Structure formats: C-alpha cells, structure tokens
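Note that chain A is present in both complexes that follow, paired respectively with chain B and with chain C.
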Partner chain A sequence: MGQNEVNKDFDVIIIGGGATGAGTARDCAKRGLRVLLLERFDIATGATGRNHGLLHSGARYAVTDGESAEECIKENMILRRIASHCVEETDGLFLTLPEDDIQYQGKFVEACQRAGIRAEVIDPKEALRMEPSANPALIGAVRVPDGAVDPFRLTASNIMDAKSHGAEVLTYHEVVEVLRSGSQVTGVKVFDHKTKATKSYYADVVVNAGGIWGHRLAEMAGVRVNMLPSKGALLIFGHRVNRMVLNRCRKPADADILVPGDTICLIGTTSSKVPFEEVDDMLVTSKEVDLLLREGEKLAPSLAQTRILRAYAGVRPLVASDDDPSGRSVSRGIVVLDHAVRDGLEGFVTITGGKLMTYRLMAEWTTDLVCKKLGVNATCTTAIEPLPGSRENAEEVNKKIISLPLPQRQSSIARHGDLAERLSHNTPVENSLVCECEEVSVGEVKYALNELDVNNLVDLRRRTRVGMGTCQGELCACRAAGVMSREGKYCTRRAKEDLASFLNERWKGMRPIAWGDTLRESEYMSWVYESVCGLNMSQKQSE
Partner chain B sequence: MNLQQHNISDNNFEQCIKCTVCTVYCPVAAVNPDFPGPKQAGPDGERLRLKRPDFYDEALKYCINCKRCEVACPSNVRIGDIIQSARIRYAKKKPKVRDILLANTDFVGTLSTPFAPVVNVALGLKPVKAAMDAVLKIDHRRMFPKYAFGTFEGWYKKQASRQAAFSKQVAYFHGCYVNYNNPQLGKDLVKVMNAAGYGVQLLEKEQCCGVALISNGLINQAKKQAQTNMASIRQAVLERKMPVIATSSTCTFTIRDEYPHLLQLENGDVREQVELATRFLYRLLAENKTKLRFRTDKKLKVAYHTPCHMEKLGWSYYTIELLKMIPGVEVQVLDSQCCGIAGTYGFKKENYEVSQQIGSRLFRQIEASGVDFVVSDCETCKWQIEMSTSKKCEHPISVLARMLED
Partner chain C sequence: MKFDTIIIGGGLSGLVCGIRLVKAGRRCVIVSAGQSALHFSSGSFDLLNALPDGSPVECPLEALGQLALQAPEHPYVKLGVERMKALLAEVPAFFAGAGVAVEGQGVRNHYRMTPLGAWHPTWLTLKDFFCCGSPEGKLPWRKAAIFNIAGFLDFYAEFIAGDLKKRGVECSVHLFNMDALEHLRKNPSEMRSANIARVFEKQENLERLGEILRDEAGDAEVVLLPAVFGLERADALACLRRVANRKVMLLPTLPPSVPGIRTQLQLKKYFQDCGGVYMLGDTVMKAEVEDGHVVRVYSYNHGNIPFVADDVVLATGSFFSQGLIAEPGRVYEPVFGLDVKYPEEREQWFDLNFFNRQAYQSFGVETDGGFRGMRGGKVLDNLYVAGAVLGGFNAVKEGCGGGVSILTALAVAQQIMDKRKIG
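And then the complex of A and B:
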C-alpha cells in the first residue's frame, strides 16, 4: 500500500489509548490544544483493561508508600465526582486473618490516617454482618473507602470528552517510526491496520503514553527508558460473591484483593517478571490459577465453590529509577520524563509508572509539561468537570428511558450513565437482547457502533460487556456480528472472521480454568458454532 | 491442590449453560412477551440480582411455577425454584385483598361450606360475578368450583371406626379441594383403598398445603401451615408407621419439593413416604401385593391430561398404567402441556387471556379426542378443562371407584 503524507498539523500527538493517553488527550483538548491520539489496537487493551478495576483508597500503599497513598485517596474522591458512572462506591475491608499479625493493623490505620484515608476499625462480627462472604475466621477488620472502577468506561468517556473538545482519535493506528529533525521530534509515522496504509503526522510535542510498549516507543525516538515488565494474573468468577472490596491487612502480597466488579468479582494478582518478547501474549499458567484460588479462598471461602469464568493477565509498566543503573530499584509512583532535560531530545515526553487510579493526575502533569513547552497558559479543569455519562443523576436518566424492561434499563444506565438516553430504544427489535447475560440490547449495540469507535466484536465487548457474561459469547457473538453486518460495519466474510477471532479470544481466557461447568459450556459453544453453524474456527474464512 | 476437583460450583444457577431449552418449553413465554422467560428470569436474572437487588423485575410474577423449565433443563438447574425464591426474597408489591382471599382456600372453605347452597348460587349470579370482576379483579368468565354442603372431614368422622378395623393403614392428605368442594373424591379414595385392603386414616391435623399462599407471596403463613403439616406427617409416618397418600398432584408436589426448596423446611426423613394414591396403588398391583376386581360390563373412553406438577414429579406414568389396568377403559394420552390455570393465577382478571392462550392447544386436542371425559390428577386442571371445553374432567381414583366391582 502507498504512503500518504498527511499535512495536518497538531500541537500534540499522544501515543497510547489507555487511561493515561485518553486522560491526557482530554486534558490537552480542554486546554485548547490541537490533539491527535494514536492507538495501535483498541482503547484500553493494555494494562488499563487488564487489572482489578479497583478504585483504590490508597490504603494498600499507606504503610509502604505514603506518597502513592495520598495520590490515590485524592484521585479516588475526584473520580467519585467526575466519573460517577464508572465508579461503584462499595467501600472495602482490610481483613486480618489468624495467620496475620494483628499488630500490623495499628500501624496500618495510623498510616492511613497520615495519608488522609478514612480507616475505621470494625469489630469482626460487625464486619461479617457487613460482608457475609468474608472469611469467618477473621480476627480484625478495617473499613476504608475502596471501590470498583470500570476501566473501559472510564477510558471511553475520556476519549469521548477529548473528541468533543476537538481532539482527533485514531484507533488501529500503530506508530512505526518517531520522526526527528536533529534533536527535535517532529512527528510520527503510523501504520493503519484497517487500510494497511502508512501515514505521517506532525506535531510540536509527542507524548509517549504507551504503557509497557512505551519502552519500544522511546527506543524509536532514540532514547532509553528502563522498564521492567511485571505480569499480574487474575481470575474472574461467574457472579458477585462479595459486596465490598476485600483486602488482607498485611504487607501487600500475591492474590490478596477481591473486587466486586459489575456482575462478577475478581481475585488478583500475581506478580512475576516477564521478558519483553512475551508482553503481547500473556498466558495464565496453572500454577498462577492455583495460587489465586488458594489465596482467594482465604479472603472469601465461598470462592472455592464458585464457578470461574476466565483467567487473564496484564503487564505493569514498572520503571527503573533513573539514578539506579542496575534497574533493580523500581518506582511505583508517577514518572514524567521530559526528554529535553533528560536526554537533550526536544518535543518528546514519556508518561509512565503510576496506576489506573492516578491516570488523571498523570494526565494533568503531562499536560502541564506539554503546555509549558508550547508556551500555553491554561489551567487544568479535569478534576472538577464531570465526564460525559456522569453529568446527570441516574434517577433522571431512568425516567427518560422508563419504557425499557427494568434489567435492561438498569444495565444500560450502569454502563453508560446519562448517555443511556442516547441509546436507540424505539422499536421492539431495538429493545430485544443481543447479550442475555449482561442485558445488552440491539439499541445499545447500535449506539456503540455509531458513537464509540467500534471496529470489531472485541471492541464492542469493551464498550458494552457483550460476551463478558457466563456464556462468554455463546449466544451473543453471532447476534452482535449480525447487527454489525446489518449496520454496514463489515461484509459476511469479515463477519465470520471476526466471529472466529472473538470466540478464540474468549477461549484463551477460559482455557486455564476449563473444567466443570465452564468446560461444559465451552464445549456446547463450540458445538453450536462449529458443528451446527459450520463456522471455521481458524481465522481465514472462504468467500 | 487438584484444582479441577477442588473448585466445583455450589451454586445451582451456575450450572446453566444457556442452551435456552427451558424457555422453549415455557408455556408463558410462548404467549406473553412481557415475561422474560425462565432462562432470563432464573439463572441469568439471579446473577444480576446478586449484583444489586434492584435488578429484580416485577415481570417474574408472570411465572406460573409449572416447573416445566426444570423438567426440560439438561443441566439440572432448579429454574422454577430460582424464580419463586427471587419473588419471595425481592418482590416489593404486597398481595392484594383478592390474592389473600384466593390463597386462603382453607379459611374461605371453612366459611363457605356451612352455607354452600347459598354461596354456590351467589357465586354464579351475574351481578355477583360483575362485582367480583370490578372490585376484586377476579375474571367474570371464571366459574368458582362449587362448595359442598358439609366437609369431607365431617363425613369421615362417621367412618372412622370402620376404617380402624383394617389391618393395614394409610394416612390420607385430602387437601382443601376434597374437603370443601369435592368430598366425593375422598369417599372414592376410601372405597378404592378399602377394596385394596387398606383402612384410611386422616392426619392428626391437616392444613392447606400452602401452594396458593406461596404463589401469592404469603410466605410466613405458608411456612406455619407447612410446619403443622410436617408435624402431622412425621407423626403418621414415624410413629404410626403409615405412608401418607394424597389425591392432589399439586399438594403432593408442594409437600415433597416446595417445602424444602422454597420454604427451607427439611423433609428428607419422610419425603419418600408421601406420594400419590395412584402411584401407591400401581405399585401394590404391579408387585401383586393386592388385587382389585373391576366390572366388565361398562366401557369408557378417556383421555389423560398430565398436570405440570405430575410432569415434574415424573409420575403420570403410574396413573396412566393404572387406568390401563381397568379392562373396560380405553386410555388416550394427551400431549403433556400446561392447561393455563396454574391454581389461582388464571382466576385473576389480568391473567385471563394469557391463561386461555396457554391452554388453547390442549383444549383443541380434547375437543377432537372423541372421549367420554378427561382424566387428571389435578383439581385446578379439572376446573380449567371443564370451564374451557365441553368435556368433564374426573380424578383417576374416581374412575377406579366407578369401575370397581360392587
């Protein structure tokens, strides 16, 4: 395919469609900059979409890293305001089990108070009443303002707001070269995965928000950022076992957080170093599943008798401190690198480290730096102004779409906040369900296709939860592919390819835990698709 | 740790693999688009309700608790129980005066039987029906079963000494219908059991099984009555060493399965000793433990209708085979499908149309059958069939009694 020079100029190009990149695009656009966001696949495909979805209170870091704890609690309170539709205010308990040192509790509460985190010691019996799933053997409990946050919604909402402030967002655009003129970065060359074309875009500043892939982007620019890929595996259970986030009251360790997220709950995570070659294809091992289950049961014993839906892993972009050439000293805090100061390379900024919780603060700091470089004087408003979806009270939205059946109404408000009123819901067909487990209607799928940058079924899943329920695509995948075809998103051959790739992606997550009912259901699913419908499960489909 | 043997789900609803065959077999989903169907109302909905109780959908009230979904389910999911439990746990709408009246078959029966001639005439009068329709929302097209002038229990008192003379004994759970509306069925049961060599005893104390209370949301009352019944059943089975038999398939099903599943009353110690009279008799006859002599001068052509709860019990076989043992009876088996009445459900004005639509195929099959009458183990199916077709409907025990040699 040919090479196009695009002469459109931007003030800033942001590389990476995770929460940080999306947040930075929003902040920059709101401060009046001309913004281009580039993402090689879909939004929230990296670490953003592969974590607990925990709205940290900061309590977990209080003892070991006071600074992170303070950042967390501040951002926690901000997200409750600006992203209320992505957040569930469940509160959390830090449990002390008989094998843990109860002395740690005092230290923990004190550290929380120092960081400004409300931490309230709860009588074990009262804790069990509040959270019946908690291990009844617990000897201590502390209540903290933890919660759940949906990273997909959060990222999508930031993107939406960035676009409404003029930002251009291109997904499936992979940066293949960072363009330089001497010691000045001038733009990037990208490969468009959809059209297979290569294009160039220019801007005064390029921001590297590529997460673990930022390591490679820095290399393209000719600078070195020492990253240490750290794999974290998690298990998703079929339904909510707990109402509150459960943590162990001890030094942070493996598999000691259980988060209720939407219809499911998740236990995680593990932590292991992985080589860079593996970061694009993380597989969860049976050892990891074993560890997660063993530790998870200690928090909530009923997990042992709960169906597991899938296992997945993400890669944390840990950064080695600049002053430690051995790379062993790792910073878990936010790292903003001005490569002009650090490496003498103008027009290039790397934002990394941090966490999902602090994405907005990371974006703010990055935007501050970009503005300084561009000589723009504008203040950050992202901590005050609510994101699209969080601007109106859920009760008001509920009244506007009262004609929908109740579970559908509740689900779409939970997923889209006040934007739920934009779902098309006029005809019986639009009100019929695509995904029965998660109550996603045809109208909601159409809305996602038309307004939320959906290119395939996996993208659709991130916007709507299609295929995230117990059936893992068994009933919804073909219906969704049908709606996408009818809406002119793709032809029959592409629809079949997409269907096969979606089902394979689902199987990848089921495989490490494929036993019992999950295995039975996946066997049924492959029987439906392969034997009854005759779908070829390999990617290539005949015309 | 052997993970695959370690992690096994305890949650019945998680056994669902979404094959949706339950919804295909649901008689309500087929005719009422407002009902989300058993899969969605049951296992799917349960997940959402566990997320937040406000996902409870009032449309679950359309479930008639026929349990045909459970019979269809290849994964052993107790779909009907999940739906009924959710109604018990989450429903906010309180039962109306009408629901309380309809559900309290025992209380209303006690009030009505002494005045049966008056009550029966009154309930049949057009102005009364119009008033019930307008005020209570009980559909005017419904006919109430006639009340008997005097109860079965009243009749039995005079028989008690004669029954005690038999060496072998069974206890009889007669149910509200036999007691207040159709004592003749109870008398038939006594006649048939006596012919088989068994004396019939009543339970120490019998109350309505509570099925209508459960479906109308009066759970505490249902629990109290169930506890009384279980105490009496235990006394009969464990102390007096008598099996308990019943003529109503729904009462039997409620005592055996709904008590433990919906009311959390354990009955494992006596459950197997509570069964239907037809099954009890069939087994006696099949094992040659007794003989019944039938008259041969009379020919009957009947059609058997399988009530939903018989389907769930898996026992229609016994009734059908028992009927076939009567030389003069030709039995035709109707397709097993819901008649639509579902106890008190079909009496409610808002459910009338759905109720009749559900039953329509059955009604057509009955009309086309050319039989003398229909036979069924359930009293409410009987009412529905008699209200909706030109045929009468009899209990199999009454057929037996009629065909016994004098």
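And then the complex of A and C:
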C-alpha cells in the first residue's frame, strides 16, 4: 500500500465501528478484499456498546417474529463456538408472575420449538432453586439457552481479526462527505479528529454500517433510508444478583430483561422514539429510572436493595419498510439495501436493522453482496473459524500466565481469552494494580495501549474495564492517566484533560441515579479530584 | 452513661470541638463511626478560595462582606467578621498545642501543590509539605529531584515535574526500590500509601531511603517525595534530611492520605490525653427529644443503654460520612431528623457537567445563628451542629471545607462554654 494516504485505494470502505461494521470488515478481509474500516469515535460506541449484552436465544421473539427467532438461535450457537471468550453460557428463565397470563406460556413454548429453540418448562420451586434471585411469587418458568455476551470484546475481537487479514482500521475518523462520480459512489472524505486533517479515501464499494447514524450517511450519498431512532435506557447494578438471564414470559415490554455479566447485572430497556437531533446525547430521565426499577424489582426483588452503578441509553436503528413511508410498519429484521437496485446508485450498500445477535449474519449477507459487485468468488468462513481470543481453551491459557497473581489471571482470561497470554512477561512492577474493582494491572493497561488502539481513558475502559467497577473510576482513572502519560501516550496537559472528560462521562451515567451510595461516591470524587487534585475542565473542553 | 457533652462524629470537626471542651474541663465523649474526610486530606486546610459566583479570593477576611451578600446562609456569615477574626487567630496555636504543626494564617491564602501538579490556594498546610506564597514566579531552587517508589501508582512525579519546569526549576524524576518494600509487591493491591508508610515507620528503612536520596539526588537542592512518611512518628522527615544531607519535602498522593491519617491519630490521642473518651466504631442511631431538649442518645453498640449529657454536638459530616442521607425523593439527617433544605425535583440537585457547581453539595442541616439544630422550624436548645453536615456552603467550589469544620467546631465549643460559664 502506498504512503500517500490521500490516494490509497481499497476494494471496500466500511463506515461504522460497531459490531456490524467490525464483522463486515472481518468477513471482507477474510475473503481477500482490501478493506478500510472508518469509525468516527471509538469502536462500539453506538448501539453496540449500549445494550443488554444479552446472548438472545431468540425466545423473546418466538411468538411475535418467528424469522428473527430462528436467526437468533442459529447465531447464538455460532457465537458460542467462534466467540467463546465473549460469551457466558448462563441459560435464561422466562418467568410468569401472578400478574401475567399463564396461558401465554404454552403459546411461548410452542413457538420456541417451532423456531428450533430448546424450551423446557420448569416447576416454579425448581426454578427458584436454580435461580434464587427470581421473584418467589412466580407461577411459571421456562428455561431457554439465553446467555450473556460482551459486545466490546466481540467487536474488538472482530477488528483484531480483520486487521490480521490486512484490513486497515481508523478510529476517530468521521465521514464528512460521500464522494460520487455521477451515479457511482467512489469513496469518502473523512475528518481525522486527532490530527484535525481532512483526507479522502477511494474504493469500489462503500458500505454504510453506521447504525442510526447511517440515516445521515445515506443522505450524504444522496439516497434516503427511512430510520426511526428508538431510545432504550438501562440500569447497571453493582452486584451480580442473578446467575441466569431473567425475562418475563409475556409479550415483550419495557424493562423485562435482567442480564448478568461479569461482576454486574443489567435491567432494561425502555423504548421511546426520539428526534434525530438527540441521538448523539442521550440522557436518562428520572421517569425512565423509576420505571426500570419498578419493573426490575418484579423479576428479582433484591434489586431494590442493590446499589445502582449507572444509567445509560442507546439508540436502536429501526428501519421503516420501504413500502410504508409513514414509518409505522417497523422491521426488527436484517435490512441490506443495494442502492444500485433500489436507487440507481452504484457502489453503495446500507446494512441496518438486525440486532447485536445477528451481527455476523448481517456481515455475511453484506459481504456476499460486496463480493458479487466486485466479481469476487469466495466463501464465508466466519461461522466456522474462531475469533482471536477464542482459539485456545482457558486452562491452556491459564498455564501460560501461571506467574500472574490468581485474581489477575482469572480476570484477564475473562477479558482477553487466549490473548491474555501477552501478559505472561509482566514484571513485578507491571503486576501493580491500576483498578482494584476489576483487577486491571499496569501490564494489561500497557497491552491495551500498545495493541488495542487506545486513544484515551474511555477507550481504555472499553477494553479493560478500568473504571467500570463499583467505584466507577474513583482512583483508577487517575492511575491509568498516569500510566498513559508515562508510556508517552500523551503529555501531562492532555492527560489532565482526558481525566476530566472521563470523569464527566462517568457522571453522565451516575447523575440519574445519584442517591444513597452513588451520591456518596460522587461527593467523594468531587472532593478528591476538584479539591485535593485541583482538577477542572477548561472552558474549551466543556463546550 | 453520663457526660457533660456528647459529640457525634470523630472527624476534624468533632475532634477540634472535643479538644477545646475537654481542655476547659468538660467531660466529653466522641462517638465515631470510623474514617472521616481527613483520610483523604490534601495535607492542607482551605479557608475560602472563591465566592459562590466563582470569583477567586486571596484574602478570605476581606471577602466576608461579599460572601454575606451571595450566600446569606453560609456558616461564615453566621459567625460574623469579628468572631471569625478571633477564632482564626486561635487556630495555629490550637493545632500546635495538639501536636499538629501547620504553616499559614487567615489573612492571605498561600498555595499548595496538588497530586496532579497544579497550584491550589489554601489556608493552613502541614509542616514538611511543599507550598509557596504565589502560584507564579520563581521558586527558591534551581534544581529538584522527585523520587517515587517503583510500582506506586498514586503519585505523579511527571505531572509535578511538568509544572515545576514551567516555574524554572530543573527536575529529575527517580524511581527507587528497597528490599523492605518487596513484600508489598506480592499482593499487587498492597502498594498503597498507608501500607508504604508502615514500612517507613522503621528507623532502618528510613535510613536506607536517606542513603538512596543522598546517592541519587545529584546536585539537586531539594528532594521531593510522596507523602508516605510519619504515620505515627513526627521525626521521619528530619531523619531523611539528616541522612540525605539536604532539604526534603513532601507532596500529596491520592487517598488514603498519610498526613490526614496522622493528623486524625494525633488529634485523637491529644483528646484522649486530655481526658476525653473516644468510642471508635460505634454509630449513634437515634435520640430522644423532650420539649425542644435532647435528653438521651442511643448508639448501635450500646443498644438500649442511653448516653445522657447537658449538650450534644452533631458533627457527622456530609453525604460521604453519612451525616446526610439521600434517597430518590428526599434528603435527611438520620440521627435527629433535623431540618434540611433541598429542592423536591431530583433533577435540580445536579448539574449535567461534573465540574460545575452541584446543588446537592450545599445541602445540609439548618441552624439558628448559634449553630443550634432545628426540627420543624423549632430550635433544639442543647443540640449544636458543626462541620460538613451544615448547609449553606459548597466546600468544593468555595474551597472552605477545612475552615468550616474547624471554625464552626471552635464556635460551638465556645458557645457551650459560655452557656455553662466555664473556660
């Protein structure tokens, strides 16, 4: 590849560093295409990083949308194989509470079986023994193969594999213009947020995998994709109260899924339409918090006494069917749009709709289309070949890093799978802990800085969980900023600015639930950072 | 249990108040739940660094007029200029008497260096800490050597060096290691300030470090170290200076704060030496009030055996110390249910930007002009309130947390003495 970035040519440019974009980059690269992936912020910052992290069995959709349910269970089984280090096989229970109609259970089980989802009716007493946190008032329970998936890890792992197959990945590169020559898209113009430079990249096909932001990307290309931003708010609790995923056995509604993940659990979601102007800055309201708590406590009553760590919201990119301009008929299925066929615009493909669960299938369909356009004949292997991190079993990895302290060994294998092996050469000083809640060592921070495209503390949090634990970055943020500045990642002035934005970002999630211990923690953070450390936010930054 | 005064809360405010009263001959008990804000102190106490509107304050006493206009409920406004002046004059001798040596006075703020290498105005700074009269201009040295322990992540030598260089001081940064510190490395979460400080309680370890400083500091005139010395011994720095044969000064670390813990231990010891009773690890649960008068107080450890006293001082701190409790719809003071002023709408408690003024930080207990607590608008005649549990000020934005704790504690003690005609 040439040195002059401006003229660099690719077969395909993929816009969007969520799971779908990352998966498409992986698939395209594995099929031998020259790939460029562009992401305006960090990977997994849109809907990918702002959902339940639920490894759907498809059961939730079985009654209402059989096709989605079938896709889900197939991909569920594939992800267990190819992304084992991102998945926790917890199984799930669909609970019928006294206020729910027990008749629904029969319909539900039947629909699951039709879709190929193992669904087993469990005696309520047995269900409580399996999952002691479940509401003891339950009158029915069905066990399904739900699980937990870590979307950050999944996306990062896809990116890593794409890169190892020659893909180029540029984060903090925002597309500002889609370049056209007549009715042919030829490339994109991007703004590099780090260097503030504008550059152009060219390719035969441009894939729009921008999630809700794909609406705007399509507009830039001169076509219209009718999207409906739908906000979903969630709460993260500081303890993992449930072992299995808990759902309500009724028609899907607000706040009826409780998913365990790592050391925490999540309740969600709400669902409300929001205007496009708000999609970049989702704030969770007191009303949403109250609703999530009220409904969450019905699934697991102990949530009432469990500390909430933070609240956040994502935006689902719902797509209105093409034949219904009013936008009332919304599909949650996968939507691949070949704009050559649909709008007469060659070289532009939009992939949207779908869900985190089906990201790989979405990527496969998109890559099939891209290959067809390029006249490339190559088969998809992403359903068979494991992702980096999932290629060796945990016991083998454990042996390789046996010199690390036990808790660090466990948490780094959980976070990085077989890639934890990179930490085997940690020196005693590198074993020092940056983050006590999540057992993140100096060595792991260094690994993330050097190999996982980390530009700031928020990026680091996504890759290592620094600042995600009960303290929400109380002291570890400062330590991590210190390590990053010592490693030459940035100067001390930038380090302080970065620390300030990290804290402000954390506050965004703490503010809606700032009472009890969370308010104590917030007050403490204010004292430590503002009073003791004298940290503040420059005028420029807060704008 | 019968005392003259019960003090609820064993942090800075409770201890200052207690010491003042026992020295005047009152029989006092302090009931303390454990840690206090002193455990993450910067090594300095702030008096007043800014007004509520954000304008900076250099001479706190001169700003009191403006403060009265902008924050009429501020504890300093209740104290009034004359009382403030008198109390301020007492403070340095008060601390010296208790064995806590401080520099500074209330007329003009000086500047301390923060763990992130920024200069912050302040009132009193513990001895041995690096501070100066102005955040700009030359410092008295040409060359400084900053030392840190290898693997200690709560001290930021590079940040500090960056700022000193701006002020014309040449800086070198050194990492050191010692056999005595190795055991802390075995468990990676042990490498924290208070644990390191324990290692340096031992004479031989201090001397070994002194030798390292002497051998490696080159021609630097001053050695700067993280504040991980002198947990229980006051002569740690003197010892380092003697062996290293040069000036050695301290800079603050992230919490836990060794100088803060030392101050707490020292004040507690002094209070006990003067005859006070300090009950550690107990929490006052409830109180009985009759005719606007606190008659009995009950603690967790003592169950239904009441504490009885002429006067009660509430110095339980803010939210962090659980002197105030916030629930989704309300804020309350848990022991007496004293009046607390706050807006009903939860969203008005906060600003979206973490670094802006946060309304919740000014919430607190309402009092009359004599710092007596109120319930349902009525004064409780023998319940005094001191320190961070008070309302009407913002310790972070106004930089007045230390001052409010110390001065209201002294004022409350004075009032009790005046009422009981002692001292």
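Basically, the second predicted complex is superposed on the first by the 529 of 543 C-alpha atoms of A that agree within 3 Å, B and C clash if a C-alpha of one lies under 4 Å from a C-alpha of the other, contacts with A are read in each partner's own complex, and residues count from 1 in each chain.
Methods note: a residue touches a chain if its C-beta (ideal position, glycine included) is under 8 Å from a C-beta of that chain, and two chains touch if they have at least 3 such contacts.
Since the structure is predicted, the reported quantities are computational estimates derived from the model, not experimental observations.
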{"item": "Touched partner set for A:S286, first chain B, second chain C, both or neither", "value": "both"}
{"item": "Touched partner set for A:V176, first chain B, second chain C, both or neither", "value": "neither"}
{"item": "Which of chain B and chain C A:A253 touches, first, second, both or neither", "value": "neither"}
{"item": "Per-residue contact with chain A, leading partner among chain C and chain B", "value": "C"}
{"item": "First (chain B), second (chain C), both or neither touched by A:R520", "value": "both"}
{"item": "Partner chain(s) touched by A:A137 [first = chain B, second = chain C, both, neither]", "value": "neither"}
{"item": "Partner chain(s) touched by A:W507 [first = chain B, second = chain C, both, neither]", "value": "second"}
{"item": "Which superposed partner A:Q410 touches (first chain B, second chain C, both, neither)", "value": "first"}
{"item": "First (chain B), second (chain C), both or neither touched by A:V483", "value": "second"}
{"item": "Which superposed partner A:I102 touches (first chain B, second chain C, both, neither)", "value": "neither"}
{"item": "Overlap of chain C and chain B interfaces on chain A (superposed complexes)", "value": "286, 290, 405, 436, 475, 515-516, 520, 524"}
{"item": "Touching residues on chain B, where the partner in the complex is chain A", "value": "1, 3-4, 6-11, 14-20, 36, 39-40, 43-48, 50-52, 54-55, 57-59, 75"}
{"item": "For the chain C and chain A complex, residues of the former touching the latter", "value": "37, 40-42, 46, 114-120, 150-154, 156, 158-159, 162, 185, 187-189, 191, 252, 254-255, 257, 318-320, 322, 325-328, 346-347, 349-350, 352-356, 358, 360-361, 395-397, 399, 401"}
{"item": "Residue ranges of chain A in contact with chain C within the complex", "value": "283, 285-286, 290, 405, 408, 428-429, 431-434, 436, 441-442, 475, 478-479, 482-483, 485-486, 491-493, 495-496, 499-500, 503-504, 506-508, 511, 514-516, 519-520, 522-528, 530-537, 542"}
{"item": "Chain B-facing residues of chain A, complex", "value": "238-240, 260, 262-263, 286, 289-290, 293-294, 302, 304-308, 405-407, 410-411, 436-437, 439, 469-471, 474-475, 513, 515-517, 520-521, 524"}
